[in-house]
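Have a look at the structure below, then the notes.
As written, the chains take the letters A, B, C and D, and residue 1 is the first residue of each chain.
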Amino acid sequence: MDLYEHQGKELLKEYGLETLPGKVATTPEEARKATEEIGGTVAVKAQVLTGGRGKAGGIKVVDSPDEAEKAADQILGMDIKGHTVGRVYVEGGAEIETEMYLSIMVDREKKQSLLLFSTEGGIDIEEVAETKPETIVRLYIDPLVGLQPFQIREVTFASGLSGDTAKSFGKTLQNLYKAFEGADASLVEINPLVVTKDGKVLTLDSKVTVDNSSLYRHKDIAELHDAAAADPQEQRAQEAGLQYVKLDGDVGILGNGAGLVMSTLDVVAQAGGEPANFCDVGGGADAEQISTALDIVTSNENVRSVFFNIFGGITRGDEVAKGLLAAMERTDIKLPIVVRLDGTNAEEGREILAENTPENVHTEETMLDAAARAVELAKKGGN
Amino acid sequence: MAILVDDNTKLLVQGITGREGAFHTGRMVESGTNVVAGVTPGKGGQTADGGVPIFNTVSEAVEETGANASVIFVPPQFAADAIFESLGSDMKTVCCITEGVPVHDMMRVANYLRFKDATLIGPNCPGVLSPGQANVSIMPRSIFAEGNVGVVSRSGTLTYQVVNELTQMGIGQTSAVGIGGDPIIGTDFIEILSLFEADPETECAVMIGEIGGNAEQRAAEYIQSEMTTPVVAYIAGFTAPEGKTMGHAGAIVSGGDTTAEAKSNALRKAGIRAAENPSEVAQLVADALGK
Amino acid sequence: MDLYEHQGKELLKEYGLETLPGKVATTPEEARKATEEIGGTVAVKAQVLTGGRGKAGGIKVVDSPDEAEKAADQILGMDIKGHTVGRVYVEGGAEIETEMYLSIMVDREKKQSLLLFSTEGGIDIEEVAETKPETIVRLYIDPLVGLQPFQIREVTFASGLSGDTAKSFGKTLQNLYKAFEGADASLVEINPLVVTKDGKVLTLDSKVTVDNSSLYRHKDIAELHDAAAADPQEQRAQEAGLQYVKLDGDVGILGNGAGLVMSTLDVVAQAGGEPANFCDVGGGADAEQISTALDIVTSNENVRSVFFNIFGGITRGDEVAKGLLAAMERTDIKLPIVVRLDGTNAEEGREILAENTPENVHTEETMLDAAARAVELAKKGGN
Amino acid sequence: MAILVDDNTKLLVQGITGREGAFHTGRMVESGTNVVAGVTPGKGGQTADGGVPIFNTVSEAVEETGANASVIFVPPQFAADAIFESLGSDMKTVCCITEGVPVHDMMRVANYLRFKDATLIGPNCPGVLSPGQANVSIMPRSIFAEGNVGVVSRSGTLTYQVVNELTQMGIGQTSAVGIGGDPIIGTDFIEILSLFEADPETECAVMIGEIGGNAEQRAAEYIQSEMTTPVVAYIAGFTAPEGKTMGHAGAIVSGGDTTAEAKSNALRKAGIRAAENPSEVAQLVADALGK
């Protein structure tokens, strides 16, 4: 789960990281008030769960409450890479001496946390990795012993800071790791981490991603989820316990098992079609879940045909066929549905479907044939 | 010869009285697996369906029954502890079926594993099945056949799909291992491939990968430099968009290396047969075996 | 550093363990007042840093402030195994259902913490280990992962407790490990750990030993040290940075290096003598430290001769000899002192001593000869 | 052949600018040891006496100089971190001279060591000296001679005492290792004895133990079952009273097994020559060597 900038900062502050004063506003008036309270020059920043808001005009630095109100009016409602801006963060200013980069993430290969630091901040770290790789420090943190004092020294010496600023920097590293571990984050990124002219070490922009599997023990973080900003069908799928991702094509796809569904998208593309979504109904889906899934998939207006790809494993093919028929009865989908049923008791399942289904349901024996059929039907415009 | 689980496996089921645990214990027993014990704290002394004795702790279960492998069905918040409990009793093979185990829990487990002479499969995996010997999994036994192909996969249903096609072509399996779809898993492709390489009966190995991470690239290097057993690979998720989790917590494109295309290319560069779809896998295996 | 019962309980309480209400008293009057405040039946318990106070009459259970005053009067000043009782702990009563044993200690062989539990409490655990070994649970705690939930379950099932009492018991284990680690203890022992008739899990008697090397980070614990109760010479040696242990014999012993001094005691015993103390002056001791050490060793009235055993390593023998002479000048010791000087520049050192020392200083070349001489001199009564 | 440190040792001194660190660095350099680097955070870029370059971090020092062994002189509160820092740079041999390291710190270090292909000597130890090759210790080089006896000891001064007597009898040493007097140490007798056993030049090993713990009993079992090299042992502390720490934090009689008598008896039962005092050690070694 990705946090908004202001949520991430709030969390980092709880772990002792320093930030500038700031307030969230959902209306231009609130932005004005926030600016009055903070005083001086402020930045009005679009809160969106994507990068590149600066280039998109989503950040404006202003000198008065009036200007802040105007800026917020421009930014709120703006579309940034498909995300509609629903709130802005009004943040006080600082006299910046240097900008640096600092992040901690889960490293899958090493199975440890990876800390990345660079004296080059404010720009994309991948760009830095290409242009100035020598400025990057990488170190692994073993979860069994945590971030060690000697590692903090290594990064602090690399920062080139000294005196009290170096101490604050070291404390920042320590607190960031505590936040990373304490909040079950898979990523905490501070970019830029700034040193002010008076030697303070501040988090200017941050990105925090919390492991979804850990949310049961972080109720406070789970509550930050912005259901309004999510795709409504993805949101509905999530609530129904289904895995659904909306895509741009016209062939709606369902199946049981994440790997099989990913593969189904692939064979549809290989057959010349474009998948409209990813939808995993899981292993033991019942009629109700299947009908919800069908409803979610077909509620996408671009969908012209549906490919339901089932491998009967422990759930036998005949049972799946019955479940699908029961689900069909609950909906009134007119779009053509291609069902491919394979695995345990597949033949029995196909027979049940052949005998009982409405005209718009077609069965195929193999994934490849079914994909070709679904693509063909979609190209015909769903008739 | 099978890998990881076989005729000598004495299986312990952690979370045997839960819905999933009870259901799959029945299926594993039906498949002929020697399920010697179950553990559910507080239900020690009871007996599960199929006459399997239940204990309060793994330590007690191992002492009484000599269990040497365990399969875990406990809810995600208790999974790491269940793994530690198995490791604490020096279990050699641990399969954690549970989905949704927190990543930080798994980092602790995975780093602790370095101390232990144990293999952890999973979490978020279908387990291990060695046809004719032992079924320590939630996979459907009926689609398998005894034979000479080893299968290792990050996906459950894709394993079934491929195994089913193999079996229908008359090609059986030594063992099939689902290593799990999470970002941090106990055992990666390389460890399993090395077991297949060492197994004289495995004549061909199938590796089924997907988007996310770079385990397939590392496996490609290993296969090229260390393996003589032919390997057929397939990577799912060519059409996955960046930044979206595709069902499995670990299946997410987060950079150039993590796409299905990059992985397939790396495999082909290393001289490995990489299929475009699951059906092609079975055909390539048949070719490799000279059938 | 061993803590008194009441100090250990105070520490365990900070970590969430439950104890009975209690107060320390150093006079009978204070014991009376404490009993009035606590109310009901109380135990008046001698606070000494040794075991076996019960058998020695150091614990009295009384029903009124009057009786408590009388009991305290009897116990205060009592000698228990060489320890004079300077304070008592007045503790409230409880209705006890069962007594158990629980401890965590550092296991040197395994290099991990060892948790010991037995359903048999209130008696010496070594006795339980012999008579009812089957009641003992032993488990190791890896410091890299701590006490694990499954280990808590193992011990809890072994306790035979159930319901809320089992939960309290589990919490007790968890908190005891936190205390053990948090306070850098080398031993925390609760014996007995009791379950009351109303299902509470209480620490009835406890023993806590804190690692001396960790005291720099536990200033609060370091301050609990009861200098008054320590042997005055041991206390003085500690303050001077010397290692000194008083023993029962008449040959005073000094040397450089713990191993060499231990060995010196042994050769003195082998020569038929009895060492009066262990005293390690360390490697680079200067004249002042040597004179302090000599003064401490000879302030023991039993001492009839002194054996100063030096191996010149990095500090050369001639330098040591000069240091010894300088030290001798500062004291006016009349007792015979046998100096054995070996190692680097030993001959030069011995020459310096031979030329300059007073009559009561004798030099020998080997440890064995020096030991024999020191024993002989002691037997002569120090003349 | 020497064990642990030899002609190939490139030594790093952690805490090189402290009083002890600076003093002993000079002595180690004088003994001919190849001291390639020192570390003192904040003094990187400076040069220590003898021209040894100082770095801010071990990682930097290793990168620049290829150091493969380190010796630690930092204050006790920083010792565990210094050890972790060395292990983090994959140092093969680490000698921690520092006395007074908290026991819980050392438990963490000792358990972490299981992951690492490294040998930690100490803490609270005099270090390792291989006469004629390398001196990674605070031991007086002058009393040593090159030869065929390996010495391992929990005590510094007793090592000097024994080595001095050996040298005076014309018996030289391959290496002398002070493993330290603390309750939790990185390396026990057995690991060092196994190195001496594997060393073709070590013809006799001397083991100097003391009261506290049961490392000597475990060593006795090992010597009896695994060693062909003759071993002469000596245990100090026959007269130590129960419950009193005798100088070394680990030298405390806390039960029947931990006395010098129990240890000497165990050694003798295992057929090992156990001396009554240090002087007897040299004589027994001469006997064992047939001199």
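By definition in this document, a residue touches a chain if its C-beta (ideal position, glycine included) is under 8 Å from a C-beta of that chain, and two chains touch if they have at least 3 such contacts.
From a predicted model like this one, the values you see are computed outputs, not experimental measurements.
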{"item": "Joint neighbours of chain D and chain A, given as chain labels", "value": "B, C"}
{"item": "Pair joined by more contacting C-beta pairs (A-B or B-C)", "value": "A-B"}
{"item": "Greatest separation from chain C - chain, by CA centre", "value": "A"}
{"item": "Mean-CA-position distance for chain D and chain C (Å)", "value": "27"}
{"item": "Between chain B and chain C, centroid-to-centroid distance (C-alpha), Å", "value": "54"}
{"item": "Intercentroid distance (Cα basis), chain D paired with chain B, Å", "value": "46"}
{"item": "Chain A, residues touching no fewer than two other chains", "value": "144-145"}
{"item": "Chain D: positions in contact with at least two other chains", "value": "108, 112"}
{"item": "Topology of the chain contact graph, where touching chains are joined (line, ring, star, complete, other)", "value": "complete"}
{"item": "Contacting residues of chain D [partner chain C, same complex]", "value": "27, 76-77, 100-104, 106-108, 110-112, 138-140, 142-143, 153-161, 164, 181, 183-184, 208, 210-215, 218, 236-241, 244-251, 255, 260, 276-279"}
{"item": "Interfacial residue positions of chain D with respect to chain B in the complex", "value": "114-115"}
{"item": "Residue ranges of chain C in contact with chain B within the complex", "value": "144-145, 148-151, 153-154, 157"}
{"item": "Chain A contact footprint on chain C (complex, rising order)", "value": "144-145"}
{"item": "Of chain B, residues touching chain C in the complex", "value": "41, 44, 56-60, 78, 81-82, 84-85, 88, 108, 112"}
